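Structures incoming, each one as structure tokens.
Two complexes, one shared chain (subunit A), two partners (subunit B, subunit C).
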Partner chain A sequence: MGEIKRMDLEYSQLDSDRMRINVGPQHPSTHGVLRLEVEVDGEIVTEVVPHLGYLHRSFEKHCEKLNYQQIIPFIDRMDYISAMNNEWPYVMALEKMLDIKVPEKVEYIRVIVAELNRIANHQIAVATFGMDAGAFTPFLYYFRDREAIISILERLSGARLLYNYFRVGGMAADIYPGFKDDCLNVVKQVRKTNAEIMKLLIHNSIFIKRSANVGILTPEVAINYACSGPVLRGSGVAHDLRRDEPYSVYDRFDFEIPVGKGDVGVVGDCWNRNIVRVHEMEQSCRIIEQALAQMPETGDVKAMIPKRIKLPKGEVYMRTENPKGDLGFYIVSNGTDKPERMKARGTSFVNLSVIPEISKGYMFADLILILGSIDIVLGEVDR
Partner chain B sequence: MGLLNRLDDPYEGGGIVLGKVEELLNWGRSKSDWYLHFGLACCAIEFMAMNASHFDFMRFGTIPRTSPRQADFIMVTGTVTFKMAERIKILYEQMAEPKYVISVGSCSNSGGPYWEHGYHVLKGVDRIIPVDVYIPGCPPRPEAFEEGMMQLQKKINQQAIFNKRKRIELEDSTKDESNKES
Partner chain C sequence: MTAAEIFEKLGSEFGSAILSLTEEPATDSFITVDPAQLFDICHTLRDEESLLFDYMMSLSALDLGENLGVVYHLYSMTHRHKIVIKVSVSKENPVVPSVERIWRTADWHEREAYDLLGVKFDGHHNLIRILLPYDWEGYPLRKDYVTPDTYHDMKVPY
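Right after this comes the complex of A and B.
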């Protein structure tokens, strides 16, 4: 036999073809019907192009065709995980235009239901993020707890997911007897499960190896891309509209704004974005407890407003802190009972735009985690 | 169900079942339906709650599959837009026979709230693929999902497998006769 020839390979000169593959629109990890066109060099992501429009449900067209009260259910269906929070900025914008003073009790009910829904949203976010990393148990634990929140909101509004509970100048219905006890039980259970999840998922060494130092979003990039919510706070920027521009009665509560501190990994990576959500649940619990203590016992939940709302000519922009970030509604009124034009600033849409920036150079499996840590809802991206 | 109860009958010492092969096949098919995990919109979140510990969808013998080639039925959960309709048709065609479709929620049943002004929404998924069971609601409650699944199992249990054409002709002729009598 001949002798073995040794080949000297210069590895830097080896060139592999780049491949373009589609992730989605039917893919279990894209959190909906998002399609990502990914260019990979072997296993390393070199380019990501998100393709939208698979759930475009003509939100702005509906706003031009329907009157102001009829629009509220369509706002529910934008970010369908946190419907209560969605309705709030829209209703507040109308109240600002009409110059309505909302009863004190209504403000407290709004704070409580919004914070309950924020907890439910973050539970889904952390649970699905765990599932993206391969942990199935937190999903089961969080959904068990979420049922308690859902049943409170169902008893208030009559629906499990899309509530249509906010009205201009008030709420659709008053709270039921025993509402306070139910809320306090939920708060207790959420704290118990979060303590469990901290051991089970957050500080699990496999989970840390998967999510720490992955998808690093620096504060400068986050601000340049107009990111908000836990995505921005995970990068260490303490920006929260509940504190910075206090609306409703948020200035009466004592709460902190959790930011990513880089206990594990680097500030702005997937792990830090995720831990912000877990800490925010605790802060929501604190707000709920304070609001329940301060809420007036009696009072009307509906302000006196005409059945057919006609806005004066003009325009209004109102934004609030949604679980996913800043959600704003810009309404142009022409003096009739239908808006001339309405624009929603979808949080998920803005946060999604940062994906091509932060997923370059990571492994393909990390791309799924980065997408999960951004926590998008396609109903809000495509609208 | 009937098949297992018959094993207890004291027929030749027990343990023997007399029945049709068709019943056995239908029993097997209805009790282990794997579905294509296919979340589109709001109903998918309710379906996630359905899959979780509180309602436990897997007790029906269903397992989520991510590939249409391993799935027995497809659950269309949410709004079907024109852009997505194309993909749903392709996914349905990729599934192996026998295949079933459950349409979940108002949007995929008829267009739902987007029926009137939704210029980009398909007015019912039954315009592109045949639907076996419709589950109403916007979104449906988990109990409605259970009822829909039970209806699908009922439908599978009643289906004909052998001599389909002959039987359908026979049924039609008997129907005609009964119509004449009445």
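Right after this comes the complex of A and C.
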């Protein structure tokens, strides 16, 4: 070792302490009222501590005071971006307990509205993720297209976001004339825009530089943290309840499970989580087309059910594949018309818990992208 | 594997710690186990070659009147089978071993169960409230919970 060369800059005089900074709860990039306490070393994130509860509305406590039909609107308000999908596992759980066979036509309406809502959810997810990375145009394109989906769901249920459309044993209302054409127009438009987005955003070199190789989630960690949906599939695990545990009529459709392949970046990074959502929109389009072709023209949309639902004593755990992942409801019945205990396994709640694990060691600006790539809704995190 | 086979398998390994198997028509089959040995049982459930329950779907706590119950919904990504494990502990001393080191997802689920029902998870690295404010008192999902009138001079019931 030679003599230590003296530098002009006195490093010892620079403040090298780690700094704790606060992100949120009121900031657009946290996608709601999420507060993150972040410890940074310069610009490198060394620790992330999420603080939840800013949107806690005592969902589970409310459910114990309400009868089974009254709970459905509350479920809408969990994941308000994809309310149709939320209602499904809940009514399916009740139908399983009551042993109700749902009419054929209802199953198809449910598949179609759920897939339409899945597309709308992924449009928001990809759009806001692009915005986190600094791309504003895809956001406007997707919101223009989403309007068509929202209009269909509004004509069906009367509401734009919080539908309250599912009923135990059926739907609140039948489809309207011209529903099929509207759906096919949406499918056409979604495909057109997605082809554009692939060039504009997904394969944009700035976007790739920002999102590839960032926030890498390995499959083992993802399973251990019970991640689901595009977060798990972005890590290369082909887990999709629509195929693995086919519910409703999903076993009659031909569709693929897109997974992150690492053609850009590595498997499990933000880019791969995001591309899964874009490919899933295409798969949803395929399911909608097949469902529209197979749907019976006539038929009742309500099974015979008692006015006042009383569940037999027992319990059930039902989960379905939501746009964000597995949404589960654990319902314990005591034989009355109100649940004894109702637990919602929020998808976003579980997916968000992996944030401290995958954001260490990346730049602070990347933390915002990692959060965006997980696609959370705080209504479901805090319940 | 069916619930009965899993029950037999666990019974041969842990003996009397595996209390009972309940199979009823309106209920998902569940196995009740002794909370004292829960950690070892869960470890076996995850790592045993024929079980491989690597995915914890949900962890819920509930008020059973005299006791508090904790319910574990497990799923295997490899074998695609499910099982429900239940434990129950007294309200006076609601201590359940934490399984956070087996399934990391249990971290937040256990904090939620502690927050809303007051189940104390022994061995959890950071058992603090998660949904309610950190200085909230009481456990709201218990059946005997009384809503406080005020919180920091703010009116609570609406």
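Please note the rule applied: the second predicted complex is superposed on the first by the 368 of 383 C-alpha atoms of A that agree within 3 Å, B and C clash if a C-alpha of one lies under 4 Å from a C-alpha of the other, contacts with A are read in each partner's own complex, and residues count from 1 in each chain.
What we mean here is this: a contact is a pair of C-beta atoms (placed from the backbone, for glycine too) under 8 Å apart; a residue touches a chain by one contact, two chains touch by 3 or more.
These numbers were taken from a predicted model, which means no experiment stands behind them.
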item	value
Touching partner for A:330 - first (subunit B), second (subunit C), both, neither	second
Which superposed partner A:244 touches (first subunit B, second subunit C, both, neither)	second
Touched partner set for A:61, first subunit B, second subunit C, both or neither	both
A:170 touches, of subunit B and subunit C: first, second, both or neither?	neither
Which superposed partner A:223 touches (first subunit B, second subunit C, both, neither)	second
Touching partner for A:341 - first (subunit B), second (subunit C), both, neither	second
Partner chain(s) touched by A:162 [first = subunit B, second = subunit C, both, neither]	first
Touched partner set for A:383, first subunit B, second subunit C, both or neither	second
Partner chain(s) touched by A:258 [first = subunit B, second = subunit C, both, neither]	neither
Subunit A residues contacted in one complex by subunit B, in the other by subunit C	53, 56, 58, 61
Subunit C contact footprint on subunit A (complex, rising order)	52-53, 56, 58, 60-61, 64, 97, 221, 223-226, 237, 239, 244-245, 311-317, 319, 326, 328, 330, 332-333, 340-341, 343, 345, 349-350, 353, 357, 382-383
Touching residues (chain side subunit C, partner subunit A) in the complex	24-28, 54-58, 60, 62-63, 71, 73, 77, 80, 84, 103-105, 107-109, 116, 129-133, 140-141
Subunit B-facing residues of subunit A, complex	25-28, 32-33, 53-58, 61-62, 65-66, 73-74, 77, 80-81, 124, 139-140, 143-144, 146-147, 150, 160-162, 378-379
Complex contact set, residues of subunit B against subunit A	37-42, 44-46, 48-49, 52-54, 64, 66, 78-79, 81, 83-84, 87, 91, 113-114, 116-121, 138-139, 141
